[in-house]
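Chains: A, B, C, D, E and F, in written order; residue numbering restarts at 1 for each.
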Amino acid sequence: MAVVVRNTERTPLTTVDAFAKIGVATIHEAQARTGLFASRLRPIYRPVRVAGNALTCEVAPGDNWSIHVAVEMAQPGDFLIVTPTSPCDDGYFGELLATSLVAHGVRGLVIDAGVRDIAELTAMGFPVWSKTVSAQGTVKETPGNVQTPIVCAGAYIRPGDVIVADDDGVVVVRREDAEVVRAACQGREENEHDKRVRLAAGELGLDMYDMRGKLKDRGLRYVEGTS
Amino acid sequence: MAVVVRNTERTPLTTVDAFAKIGVATIHEAQARTGLFASRLRPIYRPVRVAGNALTCEVAPGDNWSIHVAVEMAQPGDFLIVTPTSPCDDGYFGELLATSLVAHGVRGLVIDAGVRDIAELTAMGFPVWSKTVSAQGTVKETPGNVQTPIVCAGAYIRPGDVIVADDDGVVVVRREDAEVVRAACQGREENEHDKRVRLAAGELGLDMYDMRGKLKDRGLRYVEGTS
Amino acid sequence: MAVVVRNTERTPLTTVDAFAKIGVATIHEAQARTGLFASRLRPIYRPVRVAGNALTCEVAPGDNWSIHVAVEMAQPGDFLIVTPTSPCDDGYFGELLATSLVAHGVRGLVIDAGVRDIAELTAMGFPVWSKTVSAQGTVKETPGNVQTPIVCAGAYIRPGDVIVADDDGVVVVRREDAEVVRAACQGREENEHDKRVRLAAGELGLDMYDMRGKLKDRGLRYVEGTS
Amino acid sequence: MAVVVRNTERTPLTTVDAFAKIGVATIHEAQARTGLFASRLRPIYRPVRVAGNALTCEVAPGDNWSIHVAVEMAQPGDFLIVTPTSPCDDGYFGELLATSLVAHGVRGLVIDAGVRDIAELTAMGFPVWSKTVSAQGTVKETPGNVQTPIVCAGAYIRPGDVIVADDDGVVVVRREDAEVVRAACQGREENEHDKRVRLAAGELGLDMYDMRGKLKDRGLRYVEGTS
Amino acid sequence: MAVVVRNTERTPLTTVDAFAKIGVATIHEAQARTGLFASRLRPIYRPVRVAGNALTCEVAPGDNWSIHVAVEMAQPGDFLIVTPTSPCDDGYFGELLATSLVAHGVRGLVIDAGVRDIAELTAMGFPVWSKTVSAQGTVKETPGNVQTPIVCAGAYIRPGDVIVADDDGVVVVRREDAEVVRAACQGREENEHDKRVRLAAGELGLDMYDMRGKLKDRGLRYVEGTS
Amino acid sequence: MAVVVRNTERTPLTTVDAFAKIGVATIHEAQARTGLFASRLRPIYRPVRVAGNALTCEVAPGDNWSIHVAVEMAQPGDFLIVTPTSPCDDGYFGELLATSLVAHGVRGLVIDAGVRDIAELTAMGFPVWSKTVSAQGTVKETPGNVQTPIVCAGAYIRPGDVIVADDDGVVVVRREDAEVVRAACQGREENEHDKRVRLAAGELGLDMYDMRGKLKDRGLRYVEGTS
């Protein structure tokens, strides 16, 4: 009963590519701390940062068949997001599938399961964020949905939403919010540059952010050590 | 009541060494997806790949005494496989033991427990796959079995079975199957080379593996997006 | 009701700095296997080793306000130790706070929670040992205690105790024991050098440590293999 | 920036109540194995089964303020679903909040975090499914969204969707699918009754489900034991 | 390539049944602390104790087909032991399969995966030890081996070995050792009865086991409190 | 080098016993949310509540020897608190040790490790809070400290501090604070009784706690649903 949705909308690549210069933590802050994937997803190599359009894919436990189906739906600039329908640590993905994805312009993989051939994937420079690493292979018996909305590692993802991933983790930006969030990120980064200079010069955050009054209101007391 | 078994059989090193060129995932596939250790075992540095004859060793929780016993049983080309008799994360193994093992020709360590001195082990190039890293030391009060069959990280291992480990994990090949599995791996690798070329050229796995009919039989439907 | 304790005692930096040449495992052994933090704390990059005076800080779950308070208490040579009052994986700490700490002479961070901006922290060479990596930000609503005794990852820490951290983990040395422990470490290291030479030459630990009699007393038996 | 949505749609209670007679596993099967919450959510007492309309609530880590906000939105037949915006094990909920919810007709709580006062909640017969039990209290500093779509324990939930929970776990049925799924469940249960009678009489599933041919096609072989 | 082995040996039921009166901890002690399954396996209800002949079954992840195959191999007094070929938490087993197993004389289930319908299984008095509880169903696409040696939760099990399970966990006794272990258990239990009487009367274990000298030899010192 | 401290101070039993009527969550609140043990410690049966004087005991991994040493230090009203010096899940404690402790007036056990014989302990009514249940036995080779300050499950405990444990978890009250905390708890409980009556009558927490203004200040907005 699985479904593949063809011709879904995507976020324009000019917008997507602007996110590749912005850190995941900044994006997460700029959209009111929403959209983060669970921190169990970690990159197979570092440093790394990628942005792309979500190409969504559900897989049955221990069955990677629908990843093959997803390849045909890929467009340049896509970012494959794979979620198992029940928790599974198998190695769903390796070098051959990565070779195929690269040939179709896919920029990386986020998978809430296991991955294998990580030495080869690292050598190719194909970035993967996964729950674990496992040589355990999978079967091809049960197809899953491709390009439907999914929940992956606790985040709700629709095809064509912007996915950004770096050393810190993975975040989704809703397609319709992408331009607003990108602008907000830019503002935050300019602001952070200024703060960085002041903090590096020794200014205290307590003063720069004007926190002393509020801390006192919340009951913080200073006492002298007696040792 | 612990036992040390002397003069156990080993797999010939010519056979063992042929496995050092083959990935763990390939070997696992070539022997019907059996023999994999649990994926909680991870290498302390990457990239890495080692093959050797299993030198098996049981240890009591928090007690590394029998590793010292195992050193005397070592032969060149061995791969030390250590399993605690109950789960333990202590750092059973460090630089001094590695120095001793290297002196007796041992090629690496797989341990379903903790390891320490990982900076030194990395600098020496002594490969270790472990469950965790911990500076917590151990005592020498209770000897365990050496060179008997053991279960390590969910795999059943007999002395002299072939152990191969790389970035993806650890696998055992039964001594009596080693030649057959090695040949099967070679066939797989040749076959994979051909697939890699075709996938890199953009051919879809759906076509290359002739999956479309079977997917349709399993009920996969394609629909148009409406967004 | 949070408290900040000013002007706490510290261990002299001459003593602290001597620890930066000693491994965590050695220190742990030299003080009767006490003082180790739980092994869930891992460094964000390797190899690394740092020693400093504990600057202690409690944080509410998802709230990093008191880290800002702690910066003002910092002195050159301090090592910031942060523990949440209930378990939390959020990213409490990033590049801006690190910039501020560096400006005040702080050498590193140990945190039983999450950290973010790890690419930037790695590039700066600011060492962090954390439970996890997460882009999830925090609020500034509830101050916590600064420079009071805390429990962090199972270890009991008082301000000004010596903290040493490396690839293997994190250990605390009580301020009043620091000189004695440092001397004991030196003795161990000299002793280890001699052992390393003998083991590298092929001498067995069984002989070097004179273990054969005790092993026999504990019932270890040697048998011949029959395969 | 939190939002409370008033006057959201609900599923009619006649439909909701029909689900209270159906097991979670059956519902999950009847809707193509979708909608299950992660299995880390466990009931505080057993046996238990409840169905209700989702009353959704996001909470900040260590902060239960928006649960108080949610109470005012409650209608008889509601089922409170609480998700933290970052992972947290604190005890967000206890006897006083349960007393308040019962007074407003709420039938139970699902929370991907901790709960406390479980002896009192059990004595009151107020059912709770939670990730953990913890006496750790929370603050009231940061309000979260109430009655917006949320992801809880990996499931996507909208206000007024049907939630059913029993000893096996928790499942969501989309409001618009509720009648169809209910009917499908009834069909499954009648069918299961017949199967149960035949299996209890000793008939094999291999014959009842006509599996022998398909097993042979997939390569299953029968051999004689040799021991 | 899965295999079903017919007509495997079993341990005589007179021997098996004698184990049903003995606790798992006692059996584990009586056979030199071997044979324990990992403690992640917990019973779905308590108190409970069962002994039976191992009927072994491997399952693919998310696929319970071979459990149906195993039912046909069952004989009265069997205890079904199921292990997935890669880690999986799905609910492989429920009320219908239990009904079928009971009809063929099977006494219980040990599974290193999930189980569902636990309210019904509890009401039927069908005992199950599992890694988790999950309503997530499974498919029937890939058969696994039945009645071959397996590793389940870290223990090595052959068909017809004795399995005993109670509130404390699960243990295997090798078929060929069953009589000797049973006799050793009886000796331990008689000895424990005597100790229990003496300890209940206030005698110290330090004296009863004559530990004071050995403790002193190991460096235990008594000091007076100063508070 | 282990030490046993004799004749340590205890909290008067009249004070201790007053805590047995108060829930752990209330005590934790009454002392500024301090003193809670990690929530991984769970009772072996429910409902249950116990208060006693901490009798502290460190154990080596897989070694329960010092529990025998601790029995001799016991006084009526004590509560045994056991922590391993490195993480371990073995079953350190069973029915015989419980029989001995009961004979010396000990009221229960908290252990950050495993316990066994839980059917017998439940039948005896001897309460235990543990990290896990395991039949895995332990050795008697390495004594640990008894009646010294310890860290157990993240809490810092000194001999004679008050320990209270119930269905929600375990908390420590410092000996010198016991009277003040007990009085504060009584005040909280009276206050809670009044709130319970008002909430049961349907009064909203939003009004009872006067939260509406503060919520508005923090930016909470109410909007109408559009579905």
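Keep this in mind: a residue touches a chain if its C-beta (ideal position, glycine included) is under 8 Å from a C-beta of that chain, and two chains touch if they have at least 3 such contacts.
As the structure is a computational prediction, the values presented were derived from the model and not from experiment.
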item: Partner chains shared by chain B and chain E (touch criterion as defined above); value: A, F
item: Third chains touching both chain E and chain C; value: A, B, D, F
item: Numbering shared by both copies at the chain F-chain D contact, with half separating same from different; value: different
item: Inter-chain centre distance, chain A versus chain B - centres from mean C-alpha coordinates, in Å; value: 31
item: Chain C-chain F separation of Cα centroids, rounded to whole Å; value: 28
item: Computed distance of Cα centres, chain F from chain A, in Å; value: 40
item: Residues of chain B touching at least two other chains; value: 1, 33, 36, 39, 86-87, 89, 134, 136, 141-142
item: Touching pairs - complete list by chain label; value: A-B, A-C, A-D, A-E, B-C, B-E, B-F, C-D, C-F, D-E, D-F, E-F
item: Contact set on chain B toward chain F in their complex; value: 60-63, 86-90, 134, 136, 139, 141-142
item: Chain C-facing residues of chain B, complex; value: 1-9, 65, 68-69, 71-72, 89, 91, 94-97, 99-100, 102-104, 114, 116-120, 122, 132-137, 140-143, 147, 159-160
item: Residue numbers on chain A that touch chain C, as the complex places them; value: 23-25, 28-29, 33, 36, 39, 42, 46-47, 49, 166-169, 171, 192, 195-196, 199-202, 204-206, 209, 211, 215, 218-225, 227
item: Chain D - residues contacting chain A, complex; value: 1, 32-34, 36, 38-39, 85-87, 149, 151, 154-156
